[in-house]
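To keep things simple, chains are lettered A, B, C, D and E as they appear, and every chain counts its residues starting from 1.
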């Protein structure tokens, strides 16, 4: 057993506890620094994760293979840490809108992060279950953190009920899968899965597990919660939900589909194609008439789940690496967008698109950030979204020879992108050429948040212009399934 | 009829379905939440019976985790519902529709 | 060929003048006009020098640089210098020079004088290009350029709506002809693989059936070009309207040179046409001659009368070409250039004298006020009517003779009738304008034009008078007739005697026409003819309603198609298709999001429904 | 490898755009100066490159290649051959002219210039790229500023609708083409996005007929939509009608040519069999542009819509040239592309000026403008003449070459006849009508005091474009000599020795037949 | 008689007991979600307790004695008390009789019915390969060992989860916001 593999997780959990305790002796006005301290600590961890020291050496596994530290895990861990860092920046800005404990908010984010880190390494249904529950339950709290606002509570309850519902499905699915095969470990399951391909109860169980994961990533037909929860939750939570929780769903989905039951997955090509196609269309179409920014991004996140599913549906290494790459781009893009929303709506009740009116005069930096984020979401070069979509489309089309359905999928994705142009540009339009600009007061930005925004912008450009490094990392991570 | 795994599973799934029905038909948040517990319990039953018939204790361990997690979930959920009730004076799902479309 | 550079200089001098005027001297009227005049006059001198050095038939008649070479498509920028082109160069620069000089004074009051001369030089360049080009593409290029210079000059007074309309009409009508011309060029090139006239000629001479079944069509398509430019029926409608331009323009472009380009082109490419094609050409020419002459009888605008007469004469020339008589055609073209330019310039002089009044029924008795103009006009009129020994007589006679030679008596009859009509309407104009009473105040105060204007008149009058026997026909003959013998001056003077029938009939009808005009219009204050002819006169006056017919058919049709297309674009493509897709998408979006009721129960239900669907999809079967 | 001049040409505008981000918005003079300099320098460099281009040499020049994503076979690879050297030159000149014309923009100048420079860099990059990915990405990169510029600085009440339509249409087109390009990459099996390598590879291992028949229509219609191929044209006139002049100049003039360039560069040589079978259809569709849109143009009541429709109609000639699939036709197509670039830029620049001065482009409200606006009027007149294919302007050479090329293909004769009709008649009708109603006629009182472009700077863009049109119109061999060798190579690839009897064009080009391997 | 008793203890009795407990579990389950007599959440809660207790009986039949105990203690004891506590705290009246949407009920029944049908069909189609004679005993010691050796990692994670839940509950139910 090699517990040192878990350095990152242990550190993160410790950080969460420390943050919580810090609440006791930090005066109220200094609590902001707890957030920055968390950022600093996480940045340190990120550096460690790149340092290649023991904790992050590839190929290790611990606890009878329950916990693996492979390329995929490392990729996602870095991803989650970056996401958490950026969200924490945002959380600090958001702290004045949180009535309850600010330190707790930071620490819950960090705990959710720890859940995600475990999810990244989970190689066993037990770990999958507890990691997911850790994330989900933390998010119930994070979502309803603004107790003073009804929408926050409402979002929390909706997320709670539907989340619990999906957990029930997943648990039942795990029961069936384990019951039929007797295996909980993914690798062991993979070894025997082939002989259960015809066992309908087994397939039933796998489907139930996918229901649970589908809920996390907000894929059709389990997407229904996303808009409401995105809209109601505090903005940093929404951002973390959109990026972290979704990515955790994806890493587990990948592991289940491609490590645990690869042979079964191969039979479900059509299912994946259909789900991916409908998810794309649903998200984009519903976003069209949407005026609430966060809700708009909620729908858009459904659509993006669909794009990401392209990479899954492609059932190929290039698909998986494209997915990972796209997620990386999505991270910077979405967090950038939510950061802007968070800052713009500071003194506003609603998150309507009109809140962005005149933003280019109020804060050129935020205006350009939002523009770039929307452009990246829409998939415009040279931003991350473009290269990501390019890779995904490529992966899908590569499979066209196998199944013509992939061509249809590619065209659906295309239709989705076209539709999405409309509403993404609607946002940009609201920024630059709104007729009635109500508020023209400049928005003051703190130094750290500027840094965060710049990181996001840099990330979008970096992934779009110099994709090699990230792509190599994604390829490396996707190799996990090639074995 | 000899009672075997199949029977246990049938019962467990029926229980699961009952929970499901409760979730989609009842409108009181607390009852919905109870129905969810019912579903989790159905999973527990399935796990225990598999464990019994497959001669493998791992299932029971899982049940253990599920119960714990369910307890945590219940506590958070109930706290949330209470908080909501304080704001809204209702635990009725139809009163929770400020966000839609 | 010696002094090979000379033709290039001749060609490009006017273009240079245009460029210099447009770029530098647009504000300086005198300088601009002098530049333009010197360009064309220098061209004239250089042409004479070149002819003097090389003779009418230079040894190597072509000089070229490659202009465009893509695969099979070789188009040279090449000049062909033979008797035909050099004669035309003389006409263009010579008559053109006279008109340029005349314009110096004529346009004196106009603010746009510099612009005028720029356009005139551009025209001269283009016209020289047509006559000098050695291949179809080059000719087409200049063909188009001539069209546009004409467009610019007709629309010179662009603020007058009628001028703008006339320019537009001329341009588009010309374009119709060019459409056929270009297709003809494409067809010939497609079959014979070359654009060069000499190459084409030799391949057709070598194999007369080279064009195969397409010969007639190709010929007629090329003729379309001539139809447009030389205003043959049914594309003749633009020419009368083109009189909206300044009078020198009418003289230069719409009488002497550009409208003759069609005839020139037919003669240049005569080898292309087979008998059928020529037949069609001849009849179209004859019909145009007749039609235009009839119309001319009832016009009242001094310039328009001359314009219709131009039309009629062009029909004559085309008919001559169609009757396989390029020499008579070119001969008539040349003399026509002299006397018609003369007539126009004289008319211009009258118009200036009349303070821009152009209605002949406002004039009268001008011979007293404008004696020089009177005489020059008389010479032009006599030449036009075909009274010996004026130049028109010789050339017209050669055409009549050609009709007889070809034994086409129908066309001979037409030609004779037209000759009579020509004399009639010409002298109708003459008598009304110069005799009788002054019919308006302007006429009473008319005055003779300055020397700069009258001098070119005199020069042209001299040529209009003696043009028939100074070797013009000789030159053309040497071009077109294989064993041509050069005639002496005396022989030339007596040349018509070779076809006495034609000569006598020609002189007879001309005199009859003059007499009739004299008797009707000697002292007429109004036109007596409508009373006598009734409906026919109205029809003549209204140009046989051809403009109206075109308006009602061709133009309306095109407009209708355009309207339909616009409607389709507006309603079906943009409205229905795009609107449908857009609206459909939007509506789907709005409908889809209705499921987001905000009600948790609905959500749970949809979730379960989704599960059921997925299960059914995978395991249901 | 040393840095290619092309890298400077496309890099300078992009760098300047980045630089502008950091210039405060109220330093108007500096912003303008930077923008002008950042377009002037590439123009000078492009002219230099054009002059240095070795004529008669098959293959790419001024190449530069930097590996980018090696695992996917992508690299930053720029270079020019005969097919795109003229386009790069044209793009650079138009970009400079557009920057000069941007004085009409009065609000948010900084943003406008940034977008303009981005667009310029994107355009030049798209034409200079020899890597499919960059080729596409640069185009997309240039496209987006177009939408924003129309949306923000556009005119007319319908600008939102226009923005919407142009965005959706062009996005669809671009994405269809993207799918086609990716499919091409995948199915070729060459594992490279590098165009020269791909061409080489496919020459040795032709694509299967099935792949060709799948990919070719995608590229044809994808690129076709980008070029407003009938019946996907309705965005164009509307969009240009609403666009600010510099945007319309750059898009209608240059960016739009991307689709055509893509067809010639990628679709034809790589998928010859499919090309053969689709060319008939393309030829008939191009009539939709030439005739139908021409007629629509006749009916327009707004000068910009008229110009926009005429620009759509002109695309038909290029399609016809491509459809002829022979050396003359393709060369002609490239010529028209370049010529039309200058022309469209010129006309939109002029209409922009008129709009700026009068505040309207409704033809019925204008008239007699030749009097107050002498320079502008005359230039517009010349542009209109160039637009109806008058010799002396580059358009004529291109169009006539296209006709010659199309005439060589017996099956396209009918189409050619109709196209000639469209070129000579319909074009003349709407152009002269516009001239008559806008420039000729009496001057309404309210316009009699309009200020003409008087100083050199104001005149410069128009003069520059006009001179370009005239230079290439008078000396087309400047272009054709460069185009022909590479076009010949392309046409050879697009006309493989096929066993089908009567295959188009090959039999008609004797020198080509001998060049083909037996 | 002894034989009969043996028979019952060996085979018949557990089977019969199964049917009894199963029936009770399902019956109470139905009463939780669709009590025709009362829509009061308290009633539902009470029936849920009964369901859980019946289920504990099934656990016993499956020889999972420890879990049966946990089930009763944690669920029936702790969780349900929590529920009841909350119900009382909120003073929830009987659920108002808002109009019942028949369409919704039918649609719900149909979709749940589909899922059940597919499950049962799959169940019949699957050879579960179950052991003829189940032998595993719910050995508490063994469970403990497993939990603290092989499953120590999830166990630790769950502990974090509980911490989070605790914090969350406090935050959410704190009376006065700062």
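The rule is short, and it goes like this: a residue touches a chain if its C-beta (ideal position, glycine included) is under 8 Å from a C-beta of that chain, and two chains touch if they have at least 3 such contacts.
These figures come from a predicted structure and were not determined experimentally.
Enquirer: Along the shortest chain of touching chains, how many steps lie between subunit B and subunit D?
Expert: Minimal hop count between subunit B and subunit D: 2.
Enquirer: Chains in contact with subunit B and with subunit E: which ones?
Expert: A, C
Enquirer: Check every other chain and keep only those touching both subunit C and subunit E; list them.
Expert: A, B
Enquirer: Suppose chain centres are the mean of their C-alpha atoms. Which chain sits farthest from subunit A?
Expert: With centres defined by C-alpha atoms, farthest from subunit A sits C.
Enquirer: Which chain has its C-alpha centre farthest away from the C-alpha centre of subunit B?
Expert: Looking at centroid distances, C is the chain farthest away.
Enquirer: If I rank A-B and A-E by number of C-beta contact pairs, which comes first?
Expert: When the contacts at A-B and A-E are counted, A-B has more.
Enquirer: Grab the C-alpha centre of each chain and report whichever is closest to the global C-alpha centre.
Expert: Most central by this criterion: D.
Enquirer: Whole-Å distance, subunit D centre to subunit E centre, using C-alpha means?
Expert: 71
Enquirer: Measuring from the mean C-alpha position of subunit B to the mean C-alpha position of subunit C, what distance in angstrom results?
Expert: Whole-Å distance between the two chain centres: 96.
Enquirer: Centre to centre, by mean C-alpha position, how many angstrom separate subunit A and subunit D?
Expert: 42
Enquirer: How many angstrom between the C-alpha centroids of subunit C and subunit A?
Expert: 76
Enquirer: Quick check on subunit B: which residues sit in contact with 2+ other chains?
Expert: 9, 13, 19-20, 23-25, 27, 29, 32-33, 49, 54, 56, 58, 61, 65, 69, 72-73, 76, 80-81, 83, 94, 96, 98-100
Enquirer: Give the residues of subunit C that touch two or more other chains, as numbers and ranges in rising order.
Expert: In subunit C, 593, 596, 598, 600-601, 604-605, 608-609, 611, 615, 619 touch at least two other chains.
Enquirer: Can you pull out the residues of subunit A that are in contact with at least two other chains?
Expert: 126, 129-130, 133, 137, 140-141, 144, 147, 157-158, 161, 165, 179, 200-201, 203-204, 227-228
Enquirer: Which pairs of chains touch one another in this structure?
Expert: Those chain pairs satisfying the definition are A-B, A-C, A-D, A-E, B-C, B-E, C-D, C-E.
Enquirer: Spell out the residues on subunit C that touch subunit A in their complex, using ranges where they run on.
Expert: For this pair, the touching residues of subunit C are 585-586, 588-590, 592-593, 595-596, 598, 600, 603-604, 606-607, 609-611, 613-615, 617-619.
Enquirer: State the interface residues of subunit C toward subunit B in the complex, per the touch definition above.
Expert: 593-594, 596-601, 604-605, 608
Enquirer: Please give the residue numbers of subunit E that touch subunit A in the complex, ascending.
Expert: By the definition above, subunit E touches subunit A via 118-119, 121-123, 125-129, 150-154, 157-158, 160-161, 163-165, 167-168, 171-172, 174, 177-178.
Enquirer: Applying the document's contact rule, which stretches of subunit A touch subunit E when the two form their complex?
Expert: 13, 16-17, 20, 62-64, 66-67, 99-101, 104, 107-108, 111, 114-115, 118, 126-127, 129-131, 133-134, 137-138, 140-141, 144-145, 147-148, 179-180, 199-204
Enquirer: For the complex, which residues does subunit B have touching subunit A?
Expert: That would be residues 9, 13, 16, 19, 23, 29, 32-33, 36, 39-40, 42-43, 46-47, 49-50, 54, 56, 58-59, 61-62, 65-66, 69, 72-73, 76-77, 80-81, 83-84, 87-88, 96, 98-100 of subunit B.
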